[in-house]
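Okay, so here's the structure we're looking at.
Just so it is clear, A, B, C and D label the chains in written order, and each chain counts residues from 1 on its own.
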């Protein structure tokens, strides 16, 4: 690994390809949106696509691929862990809906 | 953040001349560390005086405190504290102590001063950002203090500022107009300062270690500061948006934390649809890691100081680091134990209770390792080592009561009683403060180049040690008797008989508080009259002791240190002397 | 110095534990008047025993070791604890681990028994409204139905604390609103609690119950009182300047006396 | 010591220092840490949005394909493209082609500004429709306006900050004040802003599409 960090990229052509792929994912997202799925299914689909998209972007655009694996293995678990922990609020959120006192 | 992008790691190696650049807007991590320490010192005495006033009011509710009206004429007509003013003082006490003392002194203060030195770096990775983080923190402190001087006084919502009390504005009571705004703004600013600091700590620890300073050779204190900065990086990132949303609720009419149909002092509030529990979730998601942001550096500092006075390494050094990491991890899995009876889903309570109980395991391991390390040691009793031992004792006392509060079934009785007050004061406040004292007596010779007075230090220790037990032990009994906290006075039938206990606590608090002025005097006297300190007064091994006291601008006078040893090689068999400095090239024969 | 520290530490430990035990009531606990409370008290005792033991043990150990290592001869070569770190780690994991398992097993049952069980079908339903700085209680009245809540109609001056609308609302007309909660003994009680302004909390020491009342939500709580008497209901969630004096009384009375009381209240409405 | 020199001393395994575990310049590491913490900030806000939405039975989904979703698509296109130009800038900077690098930086800056412009136009449009932080012209939960303006606003702030940073770096890079590392570090930030949008667009726009 040289001083320049991610010195050896694969060149612009490849990045253009990634860029096109990302646009395609966005396109798929919009198409899925108009399949009139029930909200929860739609959410699952959109999240999956969003994570895929974000993953590709981080991996290639943000050059994670070209850094040492150690970097990915330090950042990713931390983020996943924290976000996973935040999920503790959902059981509460759903209960909230059932305990609502007034119409508003 | 483009700061970091724009100027990665600029290092001047020539000291700036001129007072302003050198002492005020200094990029030198040592000056910044002292600035943080000074800020914490101011804050801790402010917070302590507030607690005095509160204690006096709790003991003798009608007692007129001379001159109290100077602090607030509306809050203390005829020098007798009003209930709302009591709540203001309580809120400010909590906020000041948690944010500006327990976070600033052991983490930002000592950390800034000693982390770069302990890793053998000439400075922090981003000196400018470092300076910025201090000045941002100072601004936060000033904004918070300003709320003492606004018309309706500081907020009365408690340091957790639960919505909607904190969100609906002036209708809810005094202090909830401008005072609450200032609180939210101050804490938001504070978060920014901490984030900048954390980035700096992480980069410095990972990137600026001198040759031979492998991660496993880092002193416990450095480990603690590193882990703490990682926790802070992720925790304050949640409090920041939470504060912003709170500010929006208060000023822009949003309803994140305010449900519909509230009638506060006969005004139907215009908000609809929010959830008070959302604030609690966001706040405690930060709030619990914050507890460990306060205590982990303390654990690191004590583990760092003890060996020097035991003349032997701690048992299982790797295990202790492991415990700190484990505690850091678990700190994100338990925030809901602050919300057992908050109306949160009772299922979640069980979910949160288990990891909370599990945290006691690494904590117990660390404690046992300290105790076991004392066995067969040759203890030297100085103020520093006494405060370390005191730390272990209060850490046990505070940790034990965690067993009770971690269980929802018991918490439903003990929640919001003085049992909780006793618990977190012991394990978080007193323990961390003891570590700060230990650190001060241990490091001050290095920081200001003069030895502190031992006699005064030990008097200070004995009064403080006995004092804190007299203050906080009785609070457990009060809690078990169902004495509710955050009451400005005790008028309920079942509380009146308990007032004598409160009076005892108040006297203890006044005495213990007074003893802190011995410490202050000692500090000031040392600064100007104290005897010059040698480079290594305690025959300690880590890098800060292999430079002059105080260190030169670039810490090691241009020398490029090489580390040959673990951080705590005391009484090494096969070594000529009693201890081996990390930098000493001596080859120790393995036995 | 070390000996002094050890002595002081031991004295502190002894006094602290002694005051827990040798006091009027054991552990300073008030009497328990609830059907579920014994579970909580038992859990509390278990925890107290276990953690009290650990507390004394570790403090005394610390004291002893400090005493021993206080004045060593010159040139003393330190001794390592037999077995090094392992016994510490193992004992911590085993002892504390077991205690945790035991506690959370039993404790979870107790908790679930109170907060995760549905109220008895024949429970008496009482509607609780908390506000700065008082509790109000509502009984359904003869028709057994509660009137709807209309925050905009809340008018404390004229005693309409709940925001009822008797004019247009059948059910609301015979609702009994009182400031003291009277309940028959040994009868399951089901509370639905709501707050009109900020978060309050429903706390009765003798019932071993505490539950925050969150604005915007209808918080359920159920219990059975097993002893008659007059007890205090206090607010335990900071709710403003009057927080410290926000309280009401819980009167547990025999069924017949309760019926009389209820008749009287209905007459007063 | 000059910037790149110090980084060289730190990260090229210089005799004086332990090598950094990641082998990247401190600036880059700090930027990654910042991105991490900022990601947590955004997730906190998004979680709050989800929490309130689940709790609101009367949630309104106002976005029609034309103009809202379409507009969102174009904005996504602009932002992704700006990511591409940023990459070009980084590549050029690394290859030492200062002039090209500067040009690509300015291009990125322009696209970022364009994105911000479109965003503000959309805001204006919605405000004219009667959307506020505390008001919902469709009569549903007012939390929609609050969530929408706060989340997109937070993202917009990041974009604007990035645009300013881009301008500064572009100027400095042109004058050799900043080196390729600075450009790359800024790149990480810019791609992160892009990455956040990849969640904002589906969760805030598509989830609320009619």
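By definition in this document, contacts are C-beta pairs under 8 Å (C-beta built on N, C-alpha and C of every residue); 3 or more make two chains touch, one makes a residue touch a chain.
Predicted, not measured: the structure shown is a model, and the values here were computed from it.
Looking at chain A and chain C, the chains that touch each of them are B. Mean C-alpha positions place chain B and chain C at a centre distance of 29 Å.
Rounded to whole angstrom, the centroid-to-centroid distance between chain B and chain D, based on C-alpha atoms, equals 34 Å. Averaged C-alpha coordinates put the centre of chain C at 48 Å from the centre of chain D. Averaging C-alpha coordinates per chain places the centre of chain A 14 Å away from that of chain D. Residues of chain B found to touch two or more other chains are 234, 259-261, 272-275, 277-278, 281, 285, 343, 347. The multi-chain contact residues of chain A, meaning those touching 2 or more other chains, are 78, 82, 86, 89, 92, 96, 99-104.
Counting partner chains per residue, chain C has residues 151, 216-217, 219 touching two or more of them. A list of each chain pair in contact follows: A-B, A-C, A-D, B-C, B-D. Residues 78, 81-82, 85-86, 88-89, 91-92, 95-96, 99, 101-104 of chain A are the ones that touch chain B when the two sit in their complex. Residues of chain A touching chain D in their complex: 1-7, 9, 11-12, 15-16, 19, 22-23, 26, 29-30, 33-34, 39, 42-43, 46-47, 49-50, 53-54, 57-58, 61-63, 67-68, 70-71, 74-75, 78-79, 82-83, 86, 89-90, 92-94, 96-97, 100, 103-104. The touching residues of chain C, counted against chain B in their complex, run 1-2, 5, 8-9, 12, 15-16, 19-20, 23, 27-30, 39-40, 43-44, 47-48, 50-52, 54-55, 58-59, 61-62, 65-66, 68-70, 72, 76-81, 84-85, 87-89, 91-93, 96-97, 99-100, 103-104, 107-108, 110-112, 114-116, 131-132, 151-152, 154, 156, 163, 196-199, 201, 203, 205, 208-217, 219, 232, 234, 236-245, 247. Of all the residues in chain D, the ones that touch chain B in their complex are 1, 3, 6-7, 10-11, 15-18, 20-22, 25-31, 33-34, 36-38, 40-41, 44-45, 48, 51-52, 55-56, 132-134, 141-143, 146, 150, 154, 161, 164-165, 168-169, 172, 178, 181-182, 185-186, 189. Those residues of chain D that touch chain A in the complex are listed here as 4, 7-8, 11-12, 21-25, 28, 32, 35-36, 39-40, 43-44, 47, 50-51, 54-58, 65, 69, 73, 76-77, 80-81, 83-84, 86-88, 90-91, 94, 141, 180-181, 184, 187-188, 191-192, 194-195, 198-199, 201-203, 206-207, 209.
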